[in-house]
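Shared between the two complexes below is subunit A, which has subunit B as its partner in the first and subunit C in the second.
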Partner chain A sequence: MKRAAFTNRWLPILLLLPQMAIIVVFFYWPAWHALTSSFYLQDPFGFSETFVGFANYTSLWKSAPYARAASFTVVFSLLVTFLSLAIALLLAVKADKVIKGAKAYRTALMWVYAVAPPVAGVMGIILFNQSWGPLTRFLTMLGWDFKLGVNYYDTAFAMVLVSVWKQIPVNFIFFLSGLQSIPKSVREAALIDNRSASGRFWDITFPLLAPTGFFLLITNITYSLFDTFGVIDTLVKGEPGNNPMTLVYKVYVDGFRGNDMGGSSAQSVILMVLVLAMTIAQFRLVERRIHYT
Partner chain B sequence: MQKPRLRLSTVLDHVILIIGSLFMMLPVLMLLQMTSMPDLVNMKNGPGLSFGSQLDDNFLKAMLKADGFAGANTGLNMLWNSLILGFGFAIGKIVLGMMAAYAIVYFRLRFASFAFWMIFTTLLLPLEVRILPSYEIVQKLGMLNTYQGLIVPLIASATATFFFRQYFRSIPEELVEAARIDGAGPVKFFFDILVPLSRTMVAAMFIIMFVYGWNQYLWPTMITTDEGMFTLVRGIKQITQMLEGNQIPEYGRANMLALIAILPPVLIVVFFQSWFVKGLTESDK
Partner chain C sequence: MTRFSLATAAALSLMAGAASAQTEITWWHAMGGALGETVNKIATDFNASQTDYKITPAFKGTYEETLTAGIAAFRAGEQPNILQVFDAGAATVIGAKGATVPVQDLLTENGVPFDINDYISGVRYFYADSAGKMIGMPFNSSSPIMYYNVDALEKAGVTAPKTYEEFEAVTAPALMKAGYIPLAESHSPWIWVENFMSRHNLPFATNNNGYDGVDTKILVNSPEIKMHWSHVKDWLDKGWFGYYGAAWNDNQKPFEEGKVAIWMGSSGSFGGLSKLDLPFKFSATYLPYWESVTKEPTQTFIGGASLFAMSGKSAEENKATAAFFKYLTSPEVQYMWHRETGYVPITTAAYEMAKADGYYAKAPAAEVGIQQLSLPAGANTKGYRMGFYVQIRDVMNREFGRILGGETTVDAGFATIETEANDLLAKFAQTQAQ
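Let's turn to the complex of A and B:
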């Protein structure tokens, strides 16, 4: 906090009031509501509810569809995170190196940041069209009979591909700014010490980028949990059926379509705990990052 | 004299970057190509290499034609709603964030740490995890299908407050001391010194927040059932249904709508690239 401060009594309260009012009504109230209604069972028409303790949680624990969604979410998040980080890192290292056309490459690689996830999903639907989709044709040439929305693994493949495409720009921007903050003296010293470019990368650049990487790791996992909703919803065309779905999509499907408020709230609470743990880990890493650089 | 040599590794770098750029660009070029062709060709052959003459035709159809019961979800109307959401969200977030951050950084408050924690806990949980109870509350307040219901719950997080707090704390203390000696009160200091000083930060934050608000999908999907309230991104589901339902799927119109939905945020990000990158990497979220 700053030492030199104003001592006005009512002004700061007035300044804080709008923000406080909004977060109390639209953050704390719903969060509390989710917590309490996860202990109740609602009848389908919403007329009455009974206290059931942890029954909603235990039935989730036993539910096969939930376990399926949970394991899909883990695999999906890991794949999206790993692939988008790896591709973005490669592109950032190259974009940092070239001199000719550097600005054009940067723009070409970062503008997808502004594309909404469901629009990315629409592109996926066209690319994987059953009769003439360019990617379907390409995969058929390789002997893969690709069926979006019908085959579980094919749909999962499309979800991962589109989600990775959408996430590369953010990672690219952060890696590039991380690379550019490496001091010139360090680079020059490395150049003298180590003749091989790949040796320089793994011994010097990669460790120096590690803090950015840690930070991005959490950001990417959060992205693949939450922001991929639009991609998934458009790719399955709003018909989950037997298609793979993530935990967030299941919260929506069970609660909004299936009217199972208690079960859906319990799922929300589990997600809250998960995100809370990750965000705390992220804050601690960000603090460490300040010490590194 | 040494001749500039073409080194193999440089060529390889460019090859990788070109492949990467094509990977990012091609899907959108495909949308553009398809929207220039007659629907019949698209239905039979899908995307191709030739560029047709239907661009203006499809643009008019996308902007003016509606396919709901009320006939209210024209592209033009959805574009208007998207603009309201984008601007409303960005401006609301920045104004509230600056006010709260100013109170936290520059005032001696008895319950300052309580307010601080109350505000910053909101950074921990995205709207998606409390989406259903939020919906119920908005319903109780009678805000379904309204702009307030669309925008205000999205603002209930402290990203901008956190960003401005960090920035205000990096401003030298001597500034506020000097202002006080000159007899400037808190209101004058805020408007005459702090706001002009924060211009670049506000611009950077505005770009990030506008794109974020414009691209919202799940919340508008739940909160707006009235077709007159659809945003472009929320209307995407209708676009995909257009491709499924009709005798001849309207690829031209659907793809044009998708392009209109991505054009404004993409233009902002491309033209204000340095501010955008600054806002993104410095807000860390």
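Let's turn to the complex of A and C:
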């Protein structure tokens, strides 16, 4: 096998420069700032500051609201990731069998993906309006006195529902294309070996979907941790109050709403470390068990 | 034809000359919707009233977003001339000495006569320093008042309660029987904490309610206010009180829909409610008080927001800002603002003008806010000054939600508010160390 190589040693560096510049300006530089300011308590206008060492971190360790946000984040991310993957997979398996009108329903399902998270949140607010929201009325009919923005768990339910709804289409498309790339010969061979459809699914289809599934697992965890910000921000209607919030939203609430630069910097550093650790763990542990070819 | 175009050209060049000599200033505000249109009208009228200055208002989102935008702009050296900052952000912007030019200095230095006694008493000192110097120009000033559905109260055969004792003994049971939810309220930290303290003349924080220093401790964990909230929880359980979350509009809506008979909101809500064409008559009166706490209820203080002149601007531009403030506080403009929005007129002259015009004979409820702000004052009625107060309010809202939802008790909830608020205050004190 012949390896392609650059003859000029400066050319690759030159080609990398634009990308590196973007990463430095939009990631390393702000990350460095977050790290340094997490050791200070600073006047919002920047007139004075006090070096406080690790105080911003230790106060988070003792903070009950922070612990509450952290545990909500774990539950929320697990629920959103699991539900949006499971429902999308179910839909994809069922859709895979349909040939007629395939294009039309695929396009219809895909549309939801084009909805931006804040818009999805606004739709949630309309559907869950306290006095005339159709979903509020429906749940009330079932005997659930649903109150968005009043009851912690009701609001959490709405956040999960809207976030899952928004994420299913993209998972669906990936799963469907994954399913369609499984060779026909393998499926036919499986059909002879195993008569049970669910048995065939778990023994053959599911492992062959694993690369797609792994990719989606990572993107979905990232989505539920970070990209749901817009959904949460709109569903709390401008007042965090007694509503559940994720760690990312708390960084915003404390830093941008509350003007506590040091405290929210410490929170964002913790998130950075968390994401780094999670990514390493995922690739180290999970990737070993997955075969791409 | 030629003569005409020559004249036009001459006029155009004159205008261009005028335009180049104009000093332009910017004004960042948080007034959306109908309020924003009135703000734009004030700016347009000011620009039309003279030729030396031109002001450009810009809407920057909610109060919190506007303050954050102003701070970010200041740190980048791109601050507007005028920034609107709300009550809860007062400590942040006043604490940062050097971020703003005290409005009192700005006016006197630019030859605009200033006397703090021209302002009605409830608005004088909220945005002042501990020595009483006015730092921010009160702009959209409101106070919490009690609105009521006149038809509902007539149907139930009651009048608006003067005290909470009366509400419990007479008003609430009768309204409930008449098929209404008796009471709702928007913004618990503002109405049932900050102004609760002022109405009953109770201290809200050490250091003269926070005005005299930053090593302040909040005094929110007090028997009087815990008594109040125990009753509120009791009302909720009995169906006498409706709680619809921390968002303002969710609590105002049931009143507009005629489900809730009495709603505590802002005097600044009057303009909006009047334009709604509600299917019932409504009026307003003072916030009730607890007779068991005080026999001599005192005034409330202003909420809303004020305008700060940002520092780092040229003398020319500061002069323009001073000219705009002079225009803004003129009786005519204040009366127009008061009439359009329901916010109180901030000067006595504007108040007198509204009275002389017979405005309150037509709309008595519009006068309630200013009357309540002019009730007898006390040692604890001029306001409060606490840092990171936006976060302290968020803590209160969270705990009130938990108390009313039965997740915690009144005692535990207020203990949490006290601890977390004091932690935030201590943190803020560290940001202010030199």
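As a convention for this text, the second predicted complex is superposed on the first by the 255 of 293 C-alpha atoms of A that agree within 3 Å, B and C clash if a C-alpha of one lies under 4 Å from a C-alpha of the other, contacts with A are read in each partner's own complex, and residues count from 1 in each chain.
By definition in this document, contacts are C-beta pairs under 8 Å (C-beta built on N, C-alpha and C of every residue); 3 or more make two chains touch, one makes a residue touch a chain.
What you see is a predicted model, and the numbers here were worked out from it, not measured in a lab.
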Subunit B versus subunit C as contact partner of A:Gly238, first or second or both or neither: both
Which superposed partner A:Ala108 touches (first subunit B, second subunit C, both, neither): first
Contacts of A:Gly149 with subunit B and subunit C, given as first, second, both or neither: second
First, second, both or neither for A:Gly263, with subunit B first and subunit C second: second
Partner chain(s) touched by A:Ser48 [first = subunit B, second = subunit C, both, neither]: second
Between subunit B and subunit C, more extensive residue contact with subunit A: B
Contacts of A:Gln130 with subunit B and subunit C, given as first, second, both or neither: second
A:Leu91 touches, of subunit B and subunit C: first, second, both or neither? first
Partner chain(s) touched by A:Phe201 [first = subunit B, second = subunit C, both, neither]: neither
Touched partner set for A:Tyr57, first subunit B, second subunit C, both or neither: neither
Subunit A positions touched by subunit B in one structure and by subunit C in the second: 131, 237-238, 256
In the complex with subunit A, residue positions of subunit B that touch it: 9-10, 13-14, 16-17, 20-21, 23-25, 27-28, 30-31, 34, 44-47, 96-97, 99-100, 102-109, 112, 115, 118-119, 122-126, 128-137, 152-153, 155-158, 161, 169, 173, 176-177, 180, 185-187, 189, 211, 214-215, 217-218, 221-222, 233, 236-237, 239-241, 243-244, 251, 254-255, 258, 261-262, 265-266, 268-270, 273, 277, 280-281, 284-285
Footprint of subunit B on subunit A - complex, ascending: 1-8, 11-13, 15-16, 18-20, 22-23, 25-27, 29-31, 33-34, 37, 87, 90-91, 94-95, 97-98, 100-101, 105-123, 125-127, 129, 131-134, 165, 168-170, 173-174, 177, 197, 215, 219, 222, 226, 229-230, 233-234, 237-238, 248, 251-252, 255-256, 261, 264-265, 268, 271-272, 275-276, 279-280, 286
Interfacial residue positions of subunit A with respect to subunit C in the complex: 41-50, 52, 59, 64-65, 130-131, 147-152, 237-243, 253-254, 256-260, 262-263
Complex contacts: residues of subunit C adjacent to subunit A: 62, 64, 67-68, 71, 74-75, 92-93, 95-99, 243-250, 253-254, 257, 388, 390-391, 394-395, 397-402, 405, 407, 416, 420, 423-424, 427, 430-434
